[in-house]
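Letters are used for the chains, namely A, B, C and D, taken in the order the chains are written, and counting of residues starts over at 1 for each.
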Amino acid sequence: MGIIINRDTKVVVQGITGLQGSFHTRLMLDYGTLIVAGVTPGKGGTEVHGIPVYDSVSEAVERYGATASMIFVPAPFASEAALEAMEANIKTVVLITEHIPVRNTIQILAYAKRQGVRVIGPNTPGIITPEDCKLGIMPAHVFARGEVGIASRSGTLTYEIAAELTKAGFGQSTCLGLGGDPIVGLSFVDTLKMFEQDKQTRAVVLIGEIGGNAEEQAAEYISFNLKSKSSPLRIVAFVAGRAAPIGKRMGHAGAIVMGKTGTAKSKIEAFRKAGVKVAEKPSDIPKLLAEKI
Amino acid sequence: MKLFEYEAKNILAKYGIPIPDGALASSPTEAREAAIHLHPPYVIKAQVLVAGRGKAGGIKFASSPEEAAKHAKQILKMNIKNLRVNEVWIEEKIDVKKELYFGITTDRAHRCYVAVASAVGGMEIEEVATKDPEKIVKTLIDPDLGFRSYHARAMARKVGYSGKLMIKLGKVFAKLSVAAMDYDAELMEMNPLVETTGGSFVAVDARLIIDDNAIFRYPQYEKRLFSEGQTELTPEEISARRAGLAYVLLEGDIGIMGNGAGLVMATLDAVQYYGGSPANFLDVGGGASKEQITSAFKILLTDRRTSVVLINILGGITRCDNVARGILEAKKMVDFTKPIVIRLVGTNETEGRRILTEAGIHVLDSMEEAAKMAVEVSKGR
Amino acid sequence: MGIIINRDTKVVVQGITGLQGSFHTRLMLDYGTLIVAGVTPGKGGTEVHGIPVYDSVSEAVERYGATASMIFVPAPFASEAALEAMEANIKTVVLITEHIPVRNTIQILAYAKRQGVRVIGPNTPGIITPEDCKLGIMPAHVFARGEVGIASRSGTLTYEIAAELTKAGFGQSTCLGLGGDPIVGLSFVDTLKMFEQDKQTRAVVLIGEIGGNAEEQAAEYISFNLKSKSSPLRIVAFVAGRAAPIGKRMGHAGAIVMGKTGTAKSKIEAFRKAGVKVAEKPSDIPKLLAEKI
Amino acid sequence: MKLFEYEAKNILAKYGIPIPDGALASSPTEAREAAIHLHPPYVIKAQVLVAGRGKAGGIKFASSPEEAAKHAKQILKMNIKNLRVNEVWIEEKIDVKKELYFGITTDRAHRCYVAVASAVGGMEIEEVATKDPEKIVKTLIDPDLGFRSYHARAMARKVGYSGKLMIKLGKVFAKLSVAAMDYDAELMEMNPLVETTGGSFVAVDARLIIDDNAIFRYPQYEKRLFSEGQTELTPEEISARRAGLAYVLLEGDIGIMGNGAGLVMATLDAVQYYGGSPANFLDVGGGASKEQITSAFKILLTDRRTSVVLINILGGITRCDNVARGILEAKKMVDFTKPIVIRLVGTNETEGRRILTEAGIHVLDSMEEAAKMAVEVSKGR
């Protein structure tokens, strides 16, 4: 199972004819992802790796019943691409693009809410349900099928931790990057709700970082809904950025401590208060999971 | 990107928000000239892109053009938090009845903009939020509906105004919200927004931070993005930005570089965990080119505080042998002799490690071991 | 019964301190309308005819549970007033104001749809359920309680026809002006649906005029839904503007024939095709109603 | 309010939509001067605010500045549908490969704006809609989402373009939609929008009608709203507008005035029903002042075609005795001697009727009887 995507998810790749779009389409196809069409305005009628390219998302939806879209479109055009996908009735949008202005992201997410669309990202590595479907740019080989869900605000750190888990024998149900921007679609809470419903997932690793209060919100949700021993989910957290100074962006647009808001300390404390074990280092995560089992 | 106070104020004025009459000066003579055309008393304010200039002596009062020139001379010599003061803004001092706060920023949790007003102005809003949370009024802005005149009036009412003053203040709030949207503001605030003894509202200080990702919409600011003294960035940060790298200077002695913001943050944390002290944060990003890796190296290796360099590459799709060769090349180019610890995993990692080991570089396959070794090397010196 | 409003509808008057607002508040109070509060920004704390005035609609809603609003605010501020009312959870908005730019009306109606609000107008004389409640500027004395519903695009013509009906012994259930603008909230079709559900209403008079195709849409609705003999509603129509030339606005912003669109002829034909009797002159309406009974 | 072709085109140009190079001229000399700075062949186009100038001879072609001047001279003497031609627009003739249509207008039924494109351009879109409905593509514009680049491209595709031309055409469509929103367009269209032989798109003719209710946002146009020759209104319509009255000139001889648009329309219909012919539509509106009634009277009574005047007042809240006195006063002021038929009902109607009857005016209490009598009076002459 896993969440959001599976081996039958029909996928459109927007920006398929670009360098990134074409490269990762190849890798996703190799992984077994069911990519049914590509979209690049003005390139309708061509093909990329045998996948037909259309001028618009609605054509791809009408012909193939696609329900998910991967967006590799450059930032100045990415929000139009996302709106197009949602208007064409795509229900899962994976917005890989970095550097989308926040004003546009806000508009995208407002429309997504109206249309009932799940937006992953922007500035996300995507989502993978190992051995079933990969909608993203993550290196596939670090992931293995299993029972641990991962929701993360960071890309490479997710690969690092997934690799640790795999090495320790903990396969994954679904791993997804929420996105490194200050404002993103799916949140830790949203994904926790989905992992709760998923039969394959028995544990969840939340990978947070400085900036905002998504981790604090997750902790609050956990303490009201998942704290009890009867809860089916074991949860372990890691928070990057203890060594980060105030007022500086640490690579991600969203990774910034403003005044007293968004510190790693606050997030770690919130998790601990909610009964969530917080790993000091990535390599501790498998140990904490093992303890919990 | 932060704008200078005078720039933010000029934008406010364009939207019809009253600001004190004032002028920019980059020399004491210009300051005196400017003062002659204004009504005393004057305020002379350092134009720098960091907070806390007041405490640093960057704001002074004068009652004559001569005194204004004298203060300008002093201020124009200053360095505030490592930033040189190149210009001062001279303006007429406002008769304050009450100081308020109003700003627009983004609300991450609600995925929208938020308007924040406070009956207490003149200090950092976070401070008010901690000390006097009930003095703060927030209104989430519906992305489709926008910040409307009635939202603005309701906020004016909640910070204590009624009747005509409420209407007047509401108009100022509404204008700021339009300006904030038009300028892709990450933060736009008037602090203090002053109720004068004459019953009008004047923005006595203003801040505008434009969303970096939207800066392409404002070519007038974009073009100075990489100019020293024109942004809040240090020279090192500017050269990193120019190369498309994310760089933050820290206090320690272990130079750190890696691919991916989260991974580099975690590397910093690991170094700290093992008792070391990071000299910087440097993220070369996902698909870094050889040129970017070389630029990154240059920044790291020219930092004289560095005792050891720790590199953390999680190869992913990148080929490790290519990374290894790039590192050696870069090292040669900048003639670096300090020790290097590398963690390198991913496609073709065996070949990559062989190349580096042969060049006398410590190569490890665990991030944490690498961090630990880097700390040991730094302490061993 | 009647539709939309009744004697228990709690009403806010926006713009109550203005000349029109104050004058008509007096008349509505005299008629028995349950006006609970007035709103004029900056005049909060004052009173008009004993009705308390607030700075904002939300205060009036919170204190009195008002569910309907009458808007007498001048055009440049009227759309803000309407949005304010809807955001404050008002569910029936009567927008008396004329000269609201169409761009604003479109925005008002989009928001109304999201919020589930019924907007009557703009540029409407309002709505009256005789002897129960009047939310409008119509002269009350021409109306009498009864079984005939009226939906009209014109103000004075409604009074003319209501007077004819009253004189002929046909009282009214609810009479409402849809508004003289090209784009308005409630349509003939919307009101027909409501009149169908209303037990008091046994017949409906539709008063159309040139411009647009609201009458044609009503005719289509009738012919698909109300044509059968078993339908509880008898419907008679009148269409003003047979003598109007092409391309000229006849007083109302919405009363204009564009090319071949919006002619009285087209509307009359559509009604007749749908089995609706169309009166040649206002005075024929009671006769046609009587025939139908 | 209609704008002139050249004004609409200048707005298009401001939004980056290509238009033919051209210039305005109000004399043959100016026309020649303008032509010298353009490339032949030229098109000389009468600037008038009515459709059908082509058929009326208001568009001519020239191959030299002299010929351009000659045509300008002819056109500048013309009256097209009662409107004097004061200016011509001279522009370079475009090599047409294909003529298209694109416009933005309001959709009453869907309560939103609508974009309309057609693969057939150069004729009235209503005509295309009747003859070739399948050639027309419509896209309703979601008020919150707006008309987006992908909507524009989809329309470009549906009118027959693909690849780079589709992208190019889509951009032109999108730009027009922005202009239309910015200008509160009741209608903004490019017709024809020409695909040139060189593979670009040029707006060869353009129309913009601004929503009258929004004209206050455009002071540059608002101020000429009542200037003869500067709008599509006739002098009578202008003086009616000035007085805040709604007036439309018709072909007949029965002057008609009343309060309320629907009521006046119904009065016209009743006159026609009884075999008469209305000279005009004149609505004094709901709360007409005595001044407005006087102005209305002046307009009616100075119309020399009028054989009889029919007034239909449904008093409502207005007091009939006041109306009656107003009418008599106005009649005296403009020294009117033609017969008047009045229908007057409402508050204090008895007193009102008494006043008028004493002054020798026919007063009736039914609209239809009044219409019938007015027709009889008009025939009786």
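FYI, a contact is a pair of C-beta atoms (placed from the backbone, for glycine too) under 8 Å apart; a residue touches a chain by one contact, two chains touch by 3 or more.
The shown structure was predicted, so the numbers you read here are calculated from the model rather than taken from an experiment.
**Q** Fewest touch steps from chain A to chain C?
**A** Tracing touching chains, the least step count from chain A to chain C comes to 2.
**Q** Considering only chains that satisfy the touch condition with chain A, which of them also satisfy it with chain B?
**A** Under the touch definition, chain A and chain B have no mutual neighbours whatsoever.
**Q** Between C-D and B-C, which chain pair is linked by the larger number of C-beta contacts?
**A** Top pair by contacting C-beta pairs is C-D.
**Q** Give the label of the chain whose average Cα location is farthest from that of chain C.
**A** With centres defined by C-alpha atoms, farthest from chain C sits B.
**Q** Rounded to the nearest whole Å, what is the centre-to-centre distance of chain C and chain D, using the mean of the C-alpha atoms as each centre?
**A** Distance between chain centres: 27 Å.
**Q** What's the distance between the Cα centroids of chain A and chain D, rounded to whole Å?
**A** About 55 Å, centre to centre.
**Q** Return the residues of chain A touching two or more other chains; collapse runs of consecutive numbers into ranges.
**A** In chain A, the residues touching two or more other chains are 114.
**Q** Tell me, which residues of chain B touch at least two other chains?
**A** 144, in rising order.
**Q** Considering only which chains touch which, how would you classify the arrangement: line, ring, star, complete or other?
**A** Looks like a ring, each chain touching just two neighbours.
**Q** Pairs of chains that touch, anyone?
**A** A-B, A-D, B-C, C-D
**Q** Help me check something: in the complex, which residues belonging to chain C touch chain B?
**A** My answer: residues 41-45, 55-58, 77, 80-81, 83-84, 87, 110-111, 114.
**Q** Which residues, counting only chain D, touch chain A once they are in their complex?
**A** 144-145, 148-150, 153-154, 157, 162-164, 166-167, 170
**Q** Give every residue of chain C touching chain D within the complex, in rising order.
**A** Those residues of chain C that touch chain D are 27, 75-76, 99-103, 105-107, 109-110, 137-139, 152-160, 163, 180, 182-183, 207, 209-214, 217, 238, 240-245, 248-255, 258-261, 264, 280-283.
**Q** Per the contact definition, I'd like the list of chain D residues that touch chain C in the complex.
**A** Per the touch definition, chain D meets chain C at residues 106, 108-109, 111-113, 124, 126-127, 130, 142-144, 181, 184, 186, 211-214, 216-217, 246, 248, 250, 258-266, 268-273, 278, 281, 283, 285-286, 314-317, 345-347, 366-368.
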